[in-house]
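Note that chain A is present in both complexes that follow, paired respectively with chain B and with chain C.
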Partner chain A sequence: MYRELVLQSAKLSITGKGMIYIILFVASSTIYLFMFDIQLVFVNMMLLSFVAVLTSILSDKKTLVQYILVLILSGARKKLILICIRVYLILRLLPIIIAYVMYLLRFSLYIIMTVTLIAYVVYMFSLSYVLYKVLRR
Partner chain B sequence: MPIETILILLPTSAVFICIIILVATKYRGFVEEDHLSEIKLVSPAFKLIKNVVKKSFLSSEVLLILLTIYILSLTVAYTSSFAFTSQIISTETHYNALIVGKHLVPPEVVDSITQRYILVYQIFKGIEINESTYYALIIKCNFNYINENNVDIRSEFYRYCDYLSQNYVIADDDSYVDNAILSNFLGMDIQLVKVDLSKLMSLELLPGVYFVHSIGTIGGLSLRIEDESKILLIPISINIEKKLCSEGCEVQTMVVGFDFIEKYKNEVNNVLDIFDYIAISTDGGLQILSRSLTPTPKTLMSIFLSFIISMIMIYAIGGGFIEKMLSMGRDLFILGATRKFFKSAVLLGTTITLFLMSLPLVSIAWMGLINSVAVLNYVISVIGFVVMTSYRLRSVAGEVLHPELIGSYSYVVSVFTSLDKLTSCLRGILSKDDFFAISEVEGIKEEKVQIIRIELIYKKALSTLASVEIYVDRINNNFRYTVFVDVWSMEDSTREFLSSIQRLALSKTVGGVISCIES
Partner chain C sequence: MKRIVAIVRNLWKYYTMCGRTVPVLKNVNLYIYRGEILCIHGPSGAGKTTLLKILAGLERPDQGEVIVEGYNLMLLDEDGLAALRANVISYIPQDYGLIEDLTVYDNIEIPLMIIGLDEEERKSRIYSILEYMGLIGKENIKVKVLSGGEKQRVAIARALAVTPSLLLADEPTANLDWENAKKVLELITKISKDFETAIVIVSHDPRVLEYAHRKYVLYDGIISEVK
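Our next item is the complex of A and B:
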């Protein structure tokens, strides 16, 4: 059952309209990054990627809310719901992480890359928790 | 980003957020315990726009969009760079650099830029001597015109510079001015020498820019002094420029430089701080650099990419904002507001919100802490947002939210008028109408209801008809007259046009019915 729900969350994340926006954002921001090799641009793009994930969730708000509410109504536990939300978020963050890690590897910025990855993980965990709290309410 | 920017940005943003919170608190509404404020008459349009502004200020979507635009604007400001306007023309040059300014530049400033040069002040204010007007060229020669074996423009200036170095004023052979007259006019002892100045007249430094007074070209015709006898070459040592321009005059400073080209290339930034443009000799031509700045291709690309990113974000999140606005719109449509009115109010309200939100960015740019390209980027993104909102409002609201055409009217009276009397009365009234001609009138008697059917032809169009149906039925002891109007046309008429015909036919018929009943 866990596997099915995880797969369902992944499917929802990939097929959602927000995924297209994320991919478009990643494409344009990567061009921006490669054009201007300035650290501030990278920091700004990282901040924007956080906003982009939020906007992609808001664009698929109806579907996501419906899905989580169904899970809550069918008696799913908090842990399972959080896992589903995290799978959903990881897949949304994946194109951004891949693009930015490749960019950082090109300049061998391993420390910044590690910090970036940690930032995304923290963001994903905190956002999933906030989403759960908001939907539960 | 410099630390000063952050220091300024933080308090400005904090003040701005405080203002938003105060405004939001003020307009949050009244609870039961509060005293209601005094009732004021407010324009409905103003109130609607105020509501839109309030809603958009507090909407998370608009805040996210603004956050995106702000981050992108700051990024663009940081990455943008400018270059002087540059143009290369292929022409034969007699000098290494030509520096031109549309004002008087002191010789000491010129000395700090170049060492070997001819400095010319073209004084555009004429000197009136014996009812003739003369124009002064104040010249300083600062090159070794005696020993150097010059092959460029300096060889032509050899004679002039020699005289000028001895404090001679030079006039043309054909000039009527003489020593005594000039000394009298200038109020000092002047030595005048007359030489042929015809060569000087045709000396073109740049296309349209001559050594003598010129103000450019119009349609291939150069506007300059044509008569060499009107020219006076005055050495700078006389210090006459202040006397000539005591009441203000137009002066053009021209420096013809003979130093190494590399020196001028290195000095471009300093030169263009003072002068208007500089022309530097290059292989087979001249490179003209003007002080007006243009954004580099990278800057344009940066603005374009940030616009694309902001549009992606706006498109992704705009749907939620439209939904919020439409929830308000649906209530308004029930009250009779038209779609256009609602759309205009939303767009105006959103624009006001975004304009107010731009104030921190504009103030920072105005203080010079960030590049003003940030404001340009903000404006472009906001225009994109407004256009996209307008388009999506049209496509989402569409026909569904178009107010239904008002095609019926009910009139309840206690007096009954017979069907025949009403029919003949209506026929009489409508036959005299200016807009409609009667095609057919018939009365139908049913068991519980009586119907009058009238076919009206709209006179101002070719084939537009209005079918009017008047239903007369009984409600308790009263009689209800309900009028329905349906308009159809074979012409390609717009919905608005048909709607206005329908309203016109309805008003005519209802007016007729009321006057028939009451007569």
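Our next item is the complex of A and C:
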């Protein structure tokens, strides 16, 4: 049951139009990073990636809201709903993570990467919880 | 003797608006029998949707109790209510409660995934429900391209997929012209006969009352039966 719904969440996340924004952001930021090979650009890109992820989620807000409501109406447990939301959100980060890891392997800014990744995960977990709470109400 | 599916006893619900506590439902008492269509009619803001959401376990009352198929909803936690929604109660919201970016098949499949059916069982159940609803051939079409009447039928199919004892429909005809609304209401009548499902419809459209076995009026939070 969990596996199938997780796959459904992944499918929705990948096929959503917000994923196109993420891919475009990743492509442009990768080009930028390789052209202007300085740490400041990298840190700026990291910060901008938060905006990109938020934009991508907002552009698919309707689908995400419909998905959570259908899960609630169909009797999915809270734990399962939270897992589905997290899978949906985390998949939006994946292209960014891959691009930055590729870059960081060259410059060893592991600390920034780790801190950002932790911030991302906390951000997504809190966002999924807030979404569930707001829609459950 | 008709079997009771749900009992609502001395139900009160309050909302806080601008710092004031306003009662939305005032001492609502209701019995819902198996295989009947019960229509609750009333103007917008009368508390119809709130009552339906309480019956679905989506909201909790402030006083009183709701018993569905022997389960007291007040005594269940969030997961208990979810389990009841997965197996016993189906709720169709006014905006259909569908994922528009998914196909008809995928939408009907979600509740069946939640109750843990395997792929073969899901497939056979989905096709039998699609056939019953007259939706064969539309299974691979995305919901967003369907008409209002078709969306409503898909919403009913999603709700019916788990064969619930209690089906709750919030304004099922609100977004439809009368021709399509009649088709949906005829379908609901057929479902109540074929599956012996108790169906509660809330509507502000008085024409819906013709299709009900019992009729109630909800006005300003007070419910009364129409004889």
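Some points to look at:
One rule holds in what follows: the second predicted complex is superposed on the first by the 136 of 137 C-alpha atoms of A that agree within 3 Å, B and C clash if a C-alpha of one lies under 4 Å from a C-alpha of the other, contacts with A are read in each partner's own complex, and residues count from 1 in each chain.
FYI, contacts are C-beta pairs under 8 Å (C-beta built on N, C-alpha and C of every residue); 3 or more make two chains touch, one makes a residue touch a chain.
Model, not experiment: these values are computed from the prediction.
When the two complexes are overlaid on chain A, chain B and chain C sit side by side with no clash. By the touch criterion defined above, A:T63 reaches chain C but does not reach chain B.
By the touch criterion stated above, A:L73 is placed in contact with chain C alone, chain B being left untouched. Within the superposed three-chain model, A:F34 lies out of touch with both chain B and chain C [touch as defined at top].
In the superposition on chain A, A:L5 makes contact with chain C only, not with chain B. Figure note: vertex chain A, arms to chain B and chain C, all at CA centres after fitting on chain A; angle 110 degrees, rounded to a multiple of 10. When the two complexes are overlaid on their common chain A, residue A:F25 makes contact with chain B while staying clear of chain C.
Superposing the two structures on chain A brings chain B to within 10 Å of chain C, judged by their nearest Cα atoms.
Residues common to the contacts of chain A with chain B and with chain C across the two structures: none.
The part of chain C that touches chain A in the complex is made up of residues 56, 58, 78-79, 82-87, 90-91, 93, 97-102, 106-107, 110-111, 113-116, 158, 162. Listing the residues of chain B that touch chain A in their complex gives 1, 60-61, 64, 67-68, 71-72, 74-75, 78-79, 298, 301-302, 305-306, 308-309, 312-313, 315-317, 319-320.
The touching residues of chain A, when paired with chain B in their complex, are 17-18, 21, 24-25, 28-29, 31-32, 35-36, 38, 40-41, 44-45, 47-48, 51-52, 54-56, 58-59, 61. Chain A makes touch with chain C in their complex at residues 1, 4-5, 8, 12, 15-16, 62-63, 66-67, 69-78, 80.
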